[in-house]
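I've put the structures underneath this note.
In the two complexes that follow, chain A is the common piece, with chain B as its partner first and chain C second.
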Partner chain A sequence: MRAISLLKHDIIFQFRHRFYYAYFFILAVYYSIITNVSGVAKDFLTIFILFSDTTVLGFFFVGGLILLERDQNTLQSIFVTPVKVGEYLFSKTVSLTVLSYIASVFIALVAYGFPDQFLLFSAGAILSSTFFIFTGIAIAVRSKTVNKYFFNAIVFTMIFFVPIVDFVGIFKSRLFVVFPTYATVTLFSVLIRELTFFEKTASLISLLLWNCGMFFVAKKWFYRFEILKNGKN
Partner chain B sequence: MIDVSGLKFRYPGSDADVVKGIDFSVSRGEIFGFLGPSGAGKSTTQKILIKILSGYGGSIKVEGNELSSLDSGYFEKIGVAFEFPNLYSKFTAVENLNFFSSLYSAKCTDPQKLLEMLGLEKDGGTFVSAYSKGMKMRLNFLRAIMHNPEILFLDEPTSGLDPANARKMKDIIKMKKGEGKTIFLTTHDMHTAEELCDRVAFIVDGSISLIDSPRNLKIKKGKKAVKVEYVEENILKSDSFPLDDINENKRFQDILKTGSVETIHTMESTLEDIFIETTGRRLL
Partner chain C sequence: MKKLMKFTVADLRNIVRDPMQTMTAVAPLIIIVVIRIFLSVAREQVIQFFDYDIISDYPMIISFFSLLIPMMVGLVIGFIILDERDESMINYYAVTPLTKKGYLVFRMTVPIVFTFLVSVVFYLSLYDIYAVDLLKLLIVSSLLALQAPVFSFLMASFASNKVEGLAIGKLLGMMIVPPIANYFLVSNWSLLFFIVPQTWVSAIITGKNIGFLNLPMIVSLSLFIHVAIIIFCIKTFMKKVDGS
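Our next item is the complex of A and B:
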């Protein structure tokens, strides 16, 4: 019941702060890009867009949500109610993941029609989205100002973009496997090629592990740096 | 209800305690006030009691259980009004109240009824971003009481309110006490403390210098004086004398005999006078 209330509230909050308009605009841009290219460029751009879709949602939107709430000073009032940190983060994550997932499916449909391996594609899209959201939360709570947040988010985006190097073929290395984003790119590649059994399982396991780890960090840091530090006011 | 002993607190990264080993207890059904100048550590103490600051030294027991061991069920039982309003600005007052209500398992008071209590009934559909500071403070207070909590924590509840609304809010606080609720409030306003509190603690620089009822303080520490205004050589002068031995006070008698007295008043020390005398600090 409490989870539903939080979720409903988050969706209205995002709507009123015009998150959806911003997202709609981004989607329109993606759409016009994908429908205007073909061949290898299209394959590359589609994977790249799917990948940036999840990161943008994760880093920038969840960060924006937390910074807005910090600004309105509402976190204090939430955490003197029975709401638990996990419930609060869950609601943020679900609301943004749904958005991200719908967008990913839309992009895939526009580019290639209904994906053959829809379940695998969905698992990749959802797990990538949640991972970036957890990471976005962890970064946001460690950033004191909006500017610092943007800086940190861009740095992390760049680090996580490294596996793109492999995808494009500039530099191939097995070591990229440690990047959660390598798994993301691999799973999205199901749209354009067959994945081996090893690729499928390794990617899913990698993303699952990264999700668990990052959720743990996000929850801990959120409590420590966002709630307890709220003595600021 | 609340027993605090040897409470100490230091903000992370700071090199001095802001709460320096304080002891006090609040009984069920009591209004207990923290009276002190700004920066004394009142809000910090409140934040420790409501568990949004952790890592305190000493012990805090709520109904006999150590605060740090209580789970989120504690939050069902407490209502908190912070010093600065914290509401969702792109939501209306009613939406804010409904949202916060939905987070409690207890049944909450109807938002419209709450708004009527502090004269906000016509503003329920207005976005909080369009509220004045005083309106936000009122809504903030209503949010604290809507789930009918056993313990209320009110940080400077009447600050920034006009006299009429401050009056209404004080009446609600008294009504809550009448219902047997326990109330912890902080203030730097002696009138609020005097009117509402069963007992007050004087707090300065993180230490409590005394705890007593405002009435006892006035009896024990207060001084009564007589203030006389009189005319001497065509100039209006005034003087004051202790009430205790007024019948033997030569100077006072002399002034009376001149027949030039304009006014005579008895004066009692205010809580602030007593505060200044005890702590050597003003309540600002």
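Our next item is the complex of A and C:
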């Protein structure tokens, strides 16, 4: 119940801070781009937009949210109440994933109509979004200013975006399979081609494992740096 | 002058301490390397997939990458201003000999000078791929330099804190779409794209949809758009700072 109440307020807060307006406009721009291209260019652009924008949307915003709440001492106020770290993280993750998922589905619908394997696509979009939000939380609690958060975030994004070179076809390697983002791109490819059974299961398992790992790290670091305030921060 | 120097030294120290600012300072170099790799890889890939040679589009691609310089500088400065306002630092500056006006001038001149110099270096270092003429280089670099404060003050004036800054920063990122659209679309409607400052830079380099204007007109119109946005934003910003 506490978690639901937090979630409601997080969504209202994000709405007031114009996240939804911003994405309404951004999606309109993407709409006009996607509907004006066709063929391989469209496939490439759609996957690229899904991968580089809508999926990492939460990653981008969560840092600012946590830094602002820390600056305004909202975190202190929240954690003197019975709210648990897990509930707080749940609320942040779900609220941003809602926005990310709506945006991803919109892009997919605009580009290809209702996907045949809608569930698989949704699983890819949601699990990738949550993974990036957990990563964002883990980075945010160790960053002092927004600019520092961005620096750390850019370093991480660069590492995780490596599999895009495989998708574009510049360089192929089996090693990319270990990246969570490789699974993301594979699951998004369901929009443009048939996936093998192995691809489906391997991608889902990979994303699930990365999610569990990152959630563990995010929760541990959040507790250490924001609640106990240990270490340099 | 002396107080501005002191401020500059303090800022330089901050730049060294803050990895994001250090990265912004070296990022243009990274962009130059990336663009060289990108152009060679992209050309092969596009020929292979689409049977089309992008060599004639190089000016557009290069101008596109140059737009990223003021964008990065502007966003970083924008977040510094938002951080300083969230922490009420601006009110502290206002009571020092620097004054609020001095603070604004400072937050504007450094990015302008930096972006101008970097843009010149950027175009000159890609001279073997795209030979820009000197007059164009000066105009384009000046416009790019003005775009840095356009970004930072659009952000600072519309966002009431850093979270809104993120949402608005995301929106401002979309400002690189009109120059590309202007390049590919030929219609009377594309004149609308020229409300966005970025379109001018790429149009001056590529000459798209701008042929009916002569050079003095292009310079004055583009300067007008840039300066008008900056003045409007500063007015809004001052109101917000005074109000808080």
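By our rule, the second predicted complex is superposed on the first by the 226 of 233 C-alpha atoms of A that agree within 3 Å, B and C clash if a C-alpha of one lies under 4 Å from a C-alpha of the other, contacts with A are read in each partner's own complex, and residues count from 1 in each chain.
One rule holds for everything that comes next: contacts are C-beta pairs under 8 Å (C-beta built on N, C-alpha and C of every residue); 3 or more make two chains touch, one makes a residue touch a chain.
Note that this is a predicted model, so its numbers are computed, not measured.
Trainee: Taking the superposition as given, does A:Phe151 touch the first partner, chain B, the second, chain C, both, or neither?
Mentor: So A:Phe151 only meets chain C here.
Trainee: I'd like to know which partner A:Leu175 touches here: chain B for first, chain C for second, both or neither.
Mentor: Touch status of A:Leu175: no partner.
Trainee: Identify the partner contact of A:Leu119: answer first if only chain B is touched, second if only chain C is, both if each is, neither if none is.
Mentor: So A:Leu119 meets neither chain B nor chain C here.
Trainee: Does chain B (first) or chain C (second) touch A:His17, or do both, or does neither?
Mentor: Both partners, chain B and chain C.
Trainee: If you stack the two complexes on chain A, which partner ends up touching A:Ile26: first (chain B), second (chain C), both, or neither?
Mentor: A:Ile26 sits against chain C, while chain B stays out of touch.
Trainee: Report, in rising order, the residues of chain A that make contact with chain B in one complex and with chain C in the other.
Mentor: In chain A, residues 17 are touched by chain B and also by chain C.
Trainee: Flag every residue of chain B that touches chain A in the complex, lowest number first.
Mentor: That would be residues 11-12, 44, 47, 50-55, 72-73, 75-76, 78, 80, 82-91, 95, 99-100, 102-105, 143 of chain B.
Trainee: Contact residues on chain A for chain C in the complex?
Mentor: Contacts found on chain A: 17-19, 21-22, 25-26, 29, 33, 40-41, 60-61, 64-65, 67-68, 71, 145-148, 150-151, 154, 168-170.
Trainee: Enumerate the contact residues on chain A facing chain B in the complex.
Mentor: That would be residues 1-2, 5-6, 9, 12-13, 16-17, 72-84, 227-231, 233 of chain A.
Trainee: Residues of chain C touching chain A in their complex?
Mentor: Per the stated touch rule, the residues are 18-21, 23, 41, 45, 49-50, 76, 79-80, 82-83, 86-87, 161-168, 170-171, 174, 177.
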